[in-house]
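Okay, so chain A shows up in both of these, paired with chain B first and chain C after.
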Partner chain A sequence: MGITTEELRASRKVLAEFDYEPAEIEKGYSGKSLYINLTDLTIKPKDITEQMKEIFIGGKGFGLWYLWNAVKPSTKWSDPENEIVISSGPIGGITQYPGSGKSLVVTLSPLTNSVMDSNVGGYFGPYLKFSGWDALEVQGKADQDVVVFIDGDRGKITIEKMELDPGASHLVSEQLTDMFAESEKDKKNISIVSTGSGADNTLIGLLNFSFYDLRRKAPRLKQAGRGGIGTVFREKNLAALVVRYSSLSGRSNNPADPSTIAKTGVKLAREINKFDDEQFRMRQIGTANLMTPMNDYDLLPVNNFKFGSHEDAVKISSDVLRSKFTQNMPDGCWVGCALSCCKAVDNFELKTGPFKGDKVIVDGPEYETAAGLGSNCGIFDPDHIIEANFYCDTYGIDTISTGTITAFAMECYENGVINKEITGGLELSFGSADAAMELIHQMGQGRGFGKIAGLGVRRMKHFFVDEYGADEAFLEDIGMENKGLEYSQYQAKESLAQQGGYAMTNKGPQHDEAWLIFMDMVNKQLPTFEKKAEALHYFPMFRTWFGLMGLCKLPWNDIIPESNKDADRPELIPEHVQNYVDIFNAVTGKQIDKDEMIRQSERVYNFQRVFNLRLGFGTREHDAAPYRALGPVTEEEYESRAERYDNQLRDDVGINPEGMSTADKVKKMREYRESRYEQLIDVVYKRRGWTTNGIPTIGHLCELGIDFPEVIETVKNKL
Partner chain B sequence: MLKIVEKNEKECTLCGACETTCSTFYFKEDDRLKSSIQVLEASENGDPVINVCNQCGNCIDVCPVEAIKRTGKGTVVISKKACVGCFNCVGVCPTDTMYWHEDLTEPFKCISCSRCTKECPTEAIFMEEVATN
Partner chain C sequence: MVSVNGIEIEWQEEMTVQKLLQIMNYTFPMIVVTVNGIPVDRAQWPVYMVPDKSVVQAHHLIAGG
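What follows is the complex of A and B.
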């Protein structure tokens, strides 16, 4: 479609260039970061200081530190001074331990107006580092669409313009891979960061990070999905970032102790080979293996999180999705990931939209996508989910937010808050696959009701109240967002710990901070407030660590080692935690233990909390949850699980439900659940070293060693 | 026809001649852990165990960079130049004969060169033709 590779090459015009000698990697760091300003086309190196390595480690830590220094308390996401920072981390790029090639992206989000971070696969972060840069900061705003090319082979960076249509990410990735690769063989050395027209037209734009799939002979796309990072990218008039690095080897990261890394990696690879087929089948189905168990445990969101299961869920079960994925492919989002979870549907013929009739590769659907675009919208058609997944990715919009937005719009539609006139003819009731698909095209292309939906649930609520006189309280209850970010796709009603795991996050309700549903609800390992608070301290810290290192979370607990049978605390997966300590030490030559590991995260986590505070957020009111996330909002919801709720009223609340009206029962249940949530906040804040308003105490910040003057001042002003 | 190293473990005296031959030829040092054929003491039935690749090719499919190929003769070989040292192939090898060593960045394996069989004093190992699929 469109322009040929030759024409594209001929249209290149270099606007700025910079030659450099790629820094040698030493123990996981190049020691340099790259700063680019698109307003005045500056390209310059910066030194990574020892203090940065000590306190912020890498990845998301570097991203937060650079962003902190780049913006003011008044900076908005669309201001040129906002930055997009990409960094992998010291472990990022090792090939021996599964899950070691992630990039972390940090920016100010258009959805939350605060700090966003996203963890993404693809080869960009590792190649960036091996090209000499531990991090990349992009600031400013270009006056026309530009492509930034980092050639790690030649030591050359260019900012260029070219005749590239940035509207469809799968084509951008293909075209740029073809053009920048010097031969067919060179394609695997290229990674592209791009998005699509949806990022221009909505606030939920994402970034696709590519890697070249040698067997499929096409670039694959992995998503930095959450929080509108792609929207910021397009606001800067970035069309794409490209990196090229062709000397990847098992020693590119130049670790202090390669033998320990190899030993630990081989151990895990063997474990995966031995147990994956009988455990989670990540290699066969990826994260979509969760579809069936989530439905079985009443945790799969259905109809805007009203329910947790549905009789039609068998149509989109784990095994149905498995049958769509090509099997026996090394689908790792970074080389060497034996868990190989990034499945793809091949030769999928599109039925709608601008690429109707094309046969394409669809990356995923992952669990979140299948649940968000499927069950949560009451749609149980696997082909719809795959098609919607493809278009979200290529338009560059987040499937999780898209799912939650569509589900919210559907509930509003069914309740008469909006109607056909307002939606421009879309019949947005639950289960309407055609309308849901059309809404994706509208969001992607900036048309019709898609322009409103693309603003996200928080702004939709305000819009419906202001423009159509909707019942504000009802919309606050059913609009599944917190801090402005849409909820990811788990039903949290029956797990108090998970309710906190969602709404007490730094960036908004994404399960990557704490996923405690099973531990809390199914395995009953967190019976008391204290236990829940401990879990809501430990797990967010532990999981933050992956984002400092350039690691994926999945090989931690989506494969269970044999030793776990006899472990004291099996939920921690102690053997794998020790693996991480060992590989960190083996890469950096440092000597940390598992307590220091949590300390490393605590510094960055608390810094991010203070960053939120500095931008006007980060206090208790911002950790409130919509009631839909805590309990049954409507009588319909209550009645659907009446026995469960009646029992809870009797056993937990101490009220006899007999003879009570459903409305009364809903009310009593609500009082109980909301007060429990407030109690939870109290104990969690205390455990985290925060005031009852959720602000880290000065003592705690000093103890952590992040008592920089500006940090202390920010906190002092708010205490 | 593909030739592989076949074994008659009963005959093995654990003399280590095969290991020395292999590691000395390919790595210029006598270190049994750098040999692509490795013999271990006593299995359950009391015979030594001889671990050597049967050229099944399971590793080919998991290599992310297509560094492992089957040659025209049917032998499974690694291109050291293409290999990125991830050891995924080590993880899936059903016979544990895709070897790795802490000094080395890439794994190594038997390529059916037959040198070891010529040095074995008891014919516990020998070359045999097998059908390829």
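What follows is the complex of A and C.
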């Protein structure tokens, strides 16, 4: 960590280089992708075909297509042939419409052993495209730590080794920004992708994508958090990816119709200016605005998702977190984003760990981080959350998985599944902030019980059963993972639709496919299985679209236009959907409508499902949910909401709970809820054009136009 | 009785929309309310009386993280 920028520069040794003429961007595409193989140090361009643009669009679509072609059904996440693919999308990089700077990262996950995608802000994806590359594929495995530098200004790519310690992502980002920038002014033109020592030591490694904050004069970090992508990154001995591009302008994406983009962007920016302060306060609090309402509506995960609220949650409320944020002006992770949901705590003095005493910038905490590292572990201390947030980011471990893992370990500890002897002295009771922080350090540094926790909830369950004779059924009930990925931080017990929105996903229980809790549980807009199924078709398809384009989801529904009060389907935010159609057409020169928008997503979504099948997953058994996500596992949970559950038994199940023991009531409730979930799967699969085993039908794939021979062959073998 | 998003609650004298939302603990800032199918503007919530046997829809405009 002590190396200076000059020493780092002096240590650089170029292992391979490639000169190129950056392709002109035409209607949102460069038409080229960059392939790098770290085993043999190959660097070469590939053409983006018209078929790729038509069917896979960009972003996650390109990532899936390249990965499909790179791996075999037998490929494991740690095999050199696994790839990390980064792509923004045709809209990615425009500066006129808020939320247009996202990158999508795709790889085979060490947690799920299947396909993972994660979206992230920061400047890397747009700068990559404007440097001439619609996508970056990294395959192979270097024999030593390397840095890949894409210099979009000079048209030069190098694979280099240098004396860089990749253990702390905030330092890596600072050092590489300092070294690769040619002046102070040039720092804003640099973006770094890096991770930390936690990615070497766990399966939940993340990737930090940087953007340079001109006001703070420091790089800020946004996370591609889910599924262990950072672990794959380090497995390849990648220390960092660096891009430099200095000619950003409002025309960099060279759209077909810039005036429509400008007009649409101005309209949204005005909405944000007018309404944000009275709506979601994204500019003031960011996603942490959800902390208070989630607790009020019994949706905030508490104590490993046992409960949905807590009297101490007021200590980590939206306004408390807001009081910790230190910037006084809007703050975005891409140029021109008026929604500006980024938040930071400046000069935060660390109390623990290798950087104890340092004053650092902490990005966040966002809602998921605050709920996961806070309430879900029974910890209601904002300073703990901020410190844990910092260390997760700089160690390069996912805050969502870390929160759910820690909460699971705490429940195991409280139930005697594990003890102090096993945890190496950590008293992992709910609310034990010191123990939770120490566990983060252990995961980050690959020490003690952290080595077990870093394997993720699924492997922890197996380990506790095999090594300590734990009750397997109980651990399956309380271990909040599906497909091997830890649940994100919403209490789904009272929303059947959201239970499906979590577990019937392609990559695992992340809420970015569908978030239906309020529509279902509060608004009661989805009273029938058919309506729930329709929502579980439309919203995953609609939300997938953001990941094809390089777009952030937040400006869709975290600002509500005036027209929405007269909309037939206000939950769709129709005016904003039309904005997206207009912008896509204005960038690409194509003419899609909102129905074709869904079809675009449906192609990629079904392709991803088939990809899962090809890797041995993607069938009904993999959409099963832990019972903790569906209902009360324990008598304690039942009794905590006894009136609610008793009423449900009486009104919904048709059983009089009077005189029944709590254990019997838990059992009857479980039978009812598990049966409902199975019924939901049936109707959702039917709506999605899948068999009762969750396999897309040949007819559906043909209709979508993704009936490539290998796709059909994969499906035929599973039917 | 008043039905709020399908949940039956006791009707009270002088029950305004605002009072009803307080009883339901509906604290979310973005709610669109209709009483018996008639939209009630937010500014009217403190004074708009909810008649007994009303059907109230309080749609929370939130689609999540």
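We adopt the following convention: the second predicted complex is superposed on the first by the 716 of 719 C-alpha atoms of A that agree within 3 Å, B and C clash if a C-alpha of one lies under 4 Å from a C-alpha of the other, contacts with A are read in each partner's own complex, and residues count from 1 in each chain.
As a working rule, a contact is a pair of C-beta atoms (placed from the backbone, for glycine too) under 8 Å apart; a residue touches a chain by one contact, two chains touch by 3 or more.
The model shown is predicted, which means the values in this text are computed figures rather than measured ones.
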**OP:** Pick one for A:E278: touches chain B only (first), chain C only (second), both, or neither.
**Re:** second
**OP:** Would you check which partner chain A:P293 touches, where first means chain B only, second means chain C only, and both and neither mean what they say?
**Re:** second
Original post:
Taking the superposition as given, does A:N557 touch the first partner, chain B, the second, chain C, both, or neither?
Top reply: second
Original post:
Is A:P258 contacted by the first partner chain B, the second partner chain C, both or neither?
Top reply: first
Original post:
Who does A:H511 touch here: chain B (first), chain C (second), both, or neither?
Top reply: second
**OP:** Figure out whether A:S249 sits in contact with chain B (first) or chain C (second), or with both, or with neither.
**Re:** first
**OP:** Applying the touch criterion given at the start, work out whether A:N523 contacts chain B, chain C, both or neither, answering first, second, both or neither.
**Re:** second
Subject >> chain B versus chain C as contact partner of A:E571, first or second or both or neither >> reply: second
Subject >> Intersection of chain A interface sets (partners chain B, chain C) >> reply: none
Original post:
Which residues, counting only chain A, touch chain C once they are in their complex?
Top reply: 278-280, 287, 290, 292-293, 296-297, 367-368, 488, 490, 511-512, 515-519, 522-525, 527, 539, 556-557, 560, 564-565, 570-571, 573
Subject >> Complex contacts: residues of chain A adjacent to chain B >> reply: 95-96, 188, 214-215, 248-251, 258-259, 262-263, 265-266, 268-270, 272-273, 328-330, 332, 335-338, 340
Original post:
Which part of chain C faces chain A closely enough to touch in the complex?
Top reply: 5-6, 25-30, 32, 39, 57-65
Subject >> For the chain B and chain A complex, residues of the former touching the latter >> reply: 61-66, 83-88, 90-92, 100, 102-103, 105-106
